[in-house]
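These are the structures in question, set out in turn.
Both of the next two complexes hold subunit A, though its partner changes from subunit B to subunit C.
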Partner chain A sequence: MDPSEVEFLAEKEVVKIIPNFSLDKIYLIGGDLGPFNPGMPVEVPVWLALNLKQRQKCRIVQPEWMDVDKLEEIRDLERKEETFTPVPSPYYMELTKLLLNHASDNIPKADEIRTLVKDIWDTRIAKLRLSADSFISQQEAHAKLDNLTLMEINTTRSFLLNSLNCMYKLRSNLQPGSSRGKSQDY
Partner chain B sequence: MFITDIRKEFYDVVVNQRVALLVSLDIDALCACKILQALFHCDQVQYTLVPVTGWQDLGTAFLEHKEQVKLMIKQDDDLGVPSYDDIFRDEEEESGDSGNESDGDPEPSGKRRRYEEGAVERRIERQRAKREWEARRREILFDYEQYEYHGTSAAMMIFELAWVLTKDTKDMLWWAVIGLTDQWVHDKITHMKYVTDIATLQRHVSRHNHRNEDEENSLSIDCMRISFEYDLRLALYQHWSLYESICNSSYSSCHFKLWSMHGQKKLQEFLADMGLPLKQVKQKFNSMDMSIKENLREVIEESSNKYGMKDIRIQTFGVHFGFNNRFLASDVVHAAAALLENTEKDESPGDNFIKALDCLSRSNLERLHGGIALAKKKLMAIQQTVASCICTNLILSQGPFLYCYLLEGTPDVKLFSKPMALTLLCKYLLKAFVCSTRNKRCKLLPLIMAAPMDVEKGTVLVLGIPPESDTSDKKNFFGRAFEKAAESTSSRTLHDHFDTSIIELKMEDRTKFLDALITLLS
Partner chain C sequence: MPCERKPMRYGHSEGQTDVCFDDTGNFIVTCGSDGDVRIWESLDDDDPKSISVGEKAYSCALKNGKLVTAAANNTVQMHTFPEGEPDGILTRFTTNATHVAYNSSGSRVAAGSSDFMVKVVEVSDSSQQKTLRGHNAPVLSVTFDPKDEFLASASCDGSVVVWKIEEQTQVISWPLLQKSNDVTNSKSLCRLAWQPRVAKLLAVPVETTVQLYQRDSWALVSTLSDDLGTQPINVVAWSPCGKFLATGSIGGLLTVWDVEGKLCKHEKGYTVCGLAWHPSGTQIAYTDTEGCLGLLDGLSSSSSSSTMAIKKSYDDLFDDNDDDRPMDEGVSESGSPAKNLVALDDEDDDDLVPATGRARNRSSLKLGLDKLGNYEDDAGSAIVLPAASAAPLHPVYEGPMPTPHQKAFQPGSTPAHLMHRFMMWNSVGIVRGYNDERDNAVDVEFHDTAIHHAMHLTNSLGHTLADLSHEAVLLACPSTDELASKLQCLHFSSWDTNKEWMVDLPKGEDVRAVCLGQGWAAAATSALMLRLFSIGGVQRELFSLPGPVVCMAGYGEQLLIVYHRGTGFDGDQALGVQLLLFGRNRQQVIQGEPLPISRRSHLSWLGFTAEGTPCFIDSEGVVRLLNRSLGNTWTPVCNTRDHCKGKSDHYWVVGVHENPQQLRCIPCKGSRYPPTLPRPAVAVLPFKLPLCQTTTEKGQMEEQYWRSVLLQNHFGFLSSSGYEIDEEAQSRAQKEQQELLMKMFALSCKLEREFRCVELAELMTQNVVTLAIRYASRSRRMALAQRLSELALEKANQLQGPEEEEEPLQYTRRNTGGGTGRSSAGGQPRATNVLDSMTSSSRKPTVLLGSSVSAGKLSKTPVLKPLAPRPKSKVPHPDRKQILSCYYIPVALWVKYHVFVCVRPKTGFQLWLEENRKSILADNPDLEETDVIKEAMGRFRNLSAGDRLVRHLSVVSIYVHYPCHRKFKRDNQPTTQKLFGKTSRPVCLFYAVVVYAGCWLVFPLNGAWG
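Up next, the complex of A and B:
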């Protein structure tokens, strides 16, 4: 899967906006949206929120979890635990990037939030790498990881699967060949 | 068309149609174009962008597109009228006048006369009124077309439109600032007008700055911050070394007379007076010592007052986004102008137009830095040409005006085949000449400058600027003068530029054209 595909899936999440125009309820295939009244908050999917923001038709309100104190707590918890802790949102990385790139003037302390989310991401990816490393070195047959998000899984997916395939091929070639090797030692 | 309410009569009409945007090649028009593009993006209006270099181009573009589009908007900075000026402006004025006159047609008191006499008298009255009206119209048109000068910046007017629609952003405000600064850098408006317009923009800037920022909710560093600066009049000094900037800015260079040895010594004295070591001053501005940079503006202002440069500081705006990016409005103007008239590679004016348009957005910083590098070369070329012209006495007094011709072998002469660069050179040269000459009468003369434009076709670019004075109202009468001189000598000229004081002329017709001008203006 491509990271942009994961981002596309993330854009379905809902976020609150404050529009400055008025529009009746609109009926889309994915669901109903609206009605839009100036100054009244309304929940819309992220793709619509970003489009409206770029056309200067709304103001984006940051999600509840995008707060400096909450993120600091999560980051400290993540660093303490050895396993993965529950995430604020299944698409936290993508939402942070999208919202902070397009609407950083509506989100207070945007730089700190960006740094905190990056810290959380780095810690989790490091844990994932360690876990993959131990999985391979101990030649386990299966592993169970909780609380991973799609984006994190996506970062290791292609490498992990390809390398496991290669190792399987090497291992399966090694066994029959080793007996032949011994007999040719003279 | 002249309009009073920009929103109802212009934007609401345009927003539901497909628009052709014809933009002339100068920075003010570019900025206005950017603001209008942003508004069109918000409202999803389809538009075609066409750069035009002159009246002929305007005509061809109109003919090309007239099949598809019904309404046409032209933008350039203008000849003393509001910038929504159609090519049919004369007809508007005419119909306005004729409307007035026919209303005021005097009713003869024909009740007591016999019918035939009454009719004849009425006819005579009407003919007389018509002749008077025609004479008045000719007078008005002559006054109107005699002088050429510039009105409010087009970028500022379109920013007002955006503000009325409450769709104004900091990006648009910054483009409006650049449009106004372009008018000042290329000396198109008076100082009074510049200061008044700066005050208008300052109100918008403070409104934007107080919107989002306070102690607790600080804004991200990537957001654009525009600030009012009372900064030095040294071109590009924050992206160059201070020494280079002083040597290549017209204001400082003319006051010190840096083309002479005496001037160079005075500059060294000036730097020593401020306590700035030469080594520091000659390195890149960003690498100068912090202790020197802190009070630099005040220190320079104090010392400049001693050396007769009373206005070394000028009111302007600066922008700041990201950690590393600080630009003054005049820096961007110089960069964009250098990109627009780039003669280094053989590219079409359309490509240069797109590059210059790109450098105005925040996301194309490499383009902007490239433009700044080109602008540095351009300013150095101008400085060297001015120095050589003054030292070799290339400026001749022809009676009613001064005249200078750039020979083909002059270094960087290709740079001056473009109107904006030649205008800058011309103004700079006149200032330098006024500073260096002792002849009191010559100080009040206008300057006409000619530079080779296209060597294969054998054309020169001729340009005239009004005399240098502190209270000049920047009105330029050379447009009409050139036309009349060309007519009387039947020289092969092309009055194509929107700026009527710039024309193209065949090289062979140069002498007789000049003679005609001398007789015309004396």
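Up next, the complex of A and C:
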């Protein structure tokens, strides 16, 4: 799974928009959307919100958590805690990126929000690296990590799996007896 | 003494604050560490006027329309009041001033500063200054002797000094206070206070007590203390009459030292740092270091105009506080009131001698009666009633007070004094006004960009009023000295190139309110005139308004005007409303009737729903909708305050929709209206009629029903005024109502409220009544079913009536009015009609009933048994068909169980004949009866065997299956025959066939059929 696929999944999240056009309910496979009344907030998936925004057909209302005060709180908590804290949205990083890239004019203090979310992300990735490190160095068989988002798992998956495979290979080569059997594979 | 403590409200940011009243007592003026001076019309004033005086404001004083503040920029500044224009700098210090005070006449200002100095400045000429040097630390507070001779000041060096102003010398200095190095470190602000008018006493807060020093002798005459006061006292203030002393402590304790020793605790326990009496002596305003403003109200006895009242309180005083006054033995209680009455002698204020007892100090009236307090001359005779001097000399009106008229406003706009404001927010778009240093502009934005693109206009004329419609933007400005009041219309939907027109109003006439309709614009002016314009700028009708306009709203051809009908009292507004129609039939629909708004509230929004029903909202948040079907009454449909979380939260309404039921509004935290930035988001509130017991199922359904009825009134109005209506939505609404009625019916049935059931059925349409009948009979409520069948007949009669209308409501009204007496005229066709419609509509449910009947057939027999004779007991009616329809329900039931009785003897052919006689007759109209039978025989033989079998089966299976019912045959046959006669047989047959259709499958086709 690459990041664009995760982003695609994130686009199914619902966000509020204020349309500036009038349209009846639209019936899509994924569910009914609308009706769209000018000036009235309506919930639509992110992909549609961004599409409408790009055509200047709506204003996007930022999600409730996308607020400087709330994010500061989350960041501080994230820094304080050893473990991963619950994030405001399972796609917080993707949504922040998407919304701020396309609709930063509708989101007050967009720059601050960007910085804050990046801070949270960095803190969490650092924790993830740290836990991966301790996982390997202590040669644990399994580990449990709560409150990880899909994107975070994705960033570490390829690296961690590959390196674990590599190490497994190296280790099994070191052990006498098993080296014969293993070496035939490679 | 009664005293009402109003809840605290946010006034300033955290830090030192100060408060004072203006001379009239109409305004409360506060200052705080946010550097603003706020002018509050009352504690509930959500929009106080703010004057920025500096980075921080330490103290303020107000007299004669001049506001003096001590600000952080080391100056003492003056502002005009209430305009708030800067009026020069009075004096400067090398560091910030800490306290400012006016003298009693308002001619001088004293200011104490952190640079150890006290300055006395002439207000009229700030060059005339007197500097009092002598303190060795920052000055805490200053106060003038009311006679302008002395000035007292307290300082952080612990001293309280009395100065002689003219000579600029210290008269006396007391080392009373704890020393500190700065005002901020000082435990107490030590606000001194000199007794007003008589100027006898100087009150000095010392730790937890207040010490009273006498003028001239400068002797400590009394100490006021209380068990409750465990915290140092911060401020003291005398009441205007000089009879009461209010103190505020660091611990938040407010104490009013008066005849009854009323104590009042500050609600949060923050340090009280400002205290001011209302000039009438009935209110105390106070502020604390959290920046909150509070008000104590109802301190009424201080201004009591009756000496008797004072006397009375006096007695209480003596009773209560004896132990505090060891020196009071000689006091004659009977004597004191008598003497009080003797001399209302204001001039002889020398005799105001404080006593040492706490109680007496609270009231300087005590005087000469007290031996120890008897300091000088003809004591006892000279008793001053300071309170009496203020009020009782002229009669006081104590009745309800008139309410000031609410100012004219545009619904959907925020206050005009804001720099950035919404001039209009409605369902079409938003008009924003900017009026700051850089720009004076108007922004027009449309919710639907398909109407028009956004516009940006420079507002050189200073427009303050705006309205927006699909066709145009209407702007209006008040007149200035040179320019007349103008009306400007941007007619963007015009198809020519001139998109704009402007009209000057006659001199002296100001636009107060504007609105736009479809093809017209209206402006109400200060000359009580309403001017109509066409949207292109043609002047149209013009008429006079009965009173000053409050606001207007337009929709299509409707114009709604609210004006002041008169003066309201006790906070109520007296508003009148007019609704005019400009269409083909021009008329005034509502002719200046009173507008029913909540008590002590004002109008906050007026407009039309998206469907065109007039609607308004008052400051209590109640939304009322015009009910056109009930004589143009106003029905409350929602209370926005119910949805608010906080006490000072409000909803700012921008639109009302009836279909779907939506109240579109903007939630405002802590205010009545939203700021322009960040852009507020619209929320939707549901409607809810304030019916009783809406927590119960019954209440809920009633509420839903009446709400639905009320909110579909617009369909009737729209169709009557020639608009196209959404018939689908209308029928949906009606269906919903009928469903609700049916649910309520079922609920009442369950609760055995049969009368209520009938009442509900009266609201139903005819089709639903038949359903209700079925429900009633199924739940074995025969009396109810019978009444309902009568009702159904009546409804049918009405349905047949000359005017057939679609509205179910009107039926119900006619029904209830018409009573239950059945008109006998023209019974025959109607009865048939009822029967027909019933049989036809009963078809479907019968099938459903079949299974339940067959399941419980045996056990049900005894229950049903008494039913059959019932029709007999009824008074015979000349018309059989009417009886039939009338007794339809019992009969229908009866049929289900007993029909086989009369059917059984017939052969399959007979049955077939019954069914097909008509078609045979239709084919061969000239046949004799015998020929008909022959013909029928022929046709019957030609039928396929299976077809014939089915007919046999249906009959015989019934017979076989229900042998036990045969015993009713003899009893019931006559009745059956009488009731059904020939015509009813097909019906019976139909029932038999349908009800027992299931049996065919159960019984195998062998045996008996051979």
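As a working rule, the second predicted complex is superposed on the first by the 176 of 186 C-alpha atoms of A that agree within 3 Å, B and C clash if a C-alpha of one lies under 4 Å from a C-alpha of the other, contacts with A are read in each partner's own complex, and residues count from 1 in each chain.
Just so we're on the same page, contacts are C-beta pairs under 8 Å (C-beta built on N, C-alpha and C of every residue); 3 or more make two chains touch, one makes a residue touch a chain.
Here the structure is a predicted model, which means the values were calculated and not measured.
With both structures placed on the common chain, the touch criterion links A:F21 to subunit C but leaves subunit B unconnected. Contact with neither subunit B nor subunit C is seen for A:Q138 once the two complexes are overlaid on the shared chain. Residue contacts after overlaying the shared chain place A:V61 against subunit C, while subunit B stays out of touching range. With both structures placed on the common chain, the touch criterion links A:P108 to subunit B and to subunit C.
Contact with subunit B, but none with subunit C, is seen for A:L100 once the two complexes are overlaid on the shared chain.
Annotation: subunit A residues 20, 56-57, 108 touch subunit B in one complex and subunit C in the other.
By the touch criterion stated above, subunit B contacts subunit A in their complex at residues 41-44, 166-167, 169, 212, 216-223.
In the complex of the two chains, the subunit A residues touching subunit C come out as 16, 18, 20-22, 37-41, 56-57, 59, 61, 108. Subunit A contributes residues 20, 54-57, 100, 104-105, 107-111 to its touches with subunit B in the complex.
Partner subunit A is touched in their complex by these residues of subunit C: 427, 429, 446-450, 664, 678-679, 681-684.
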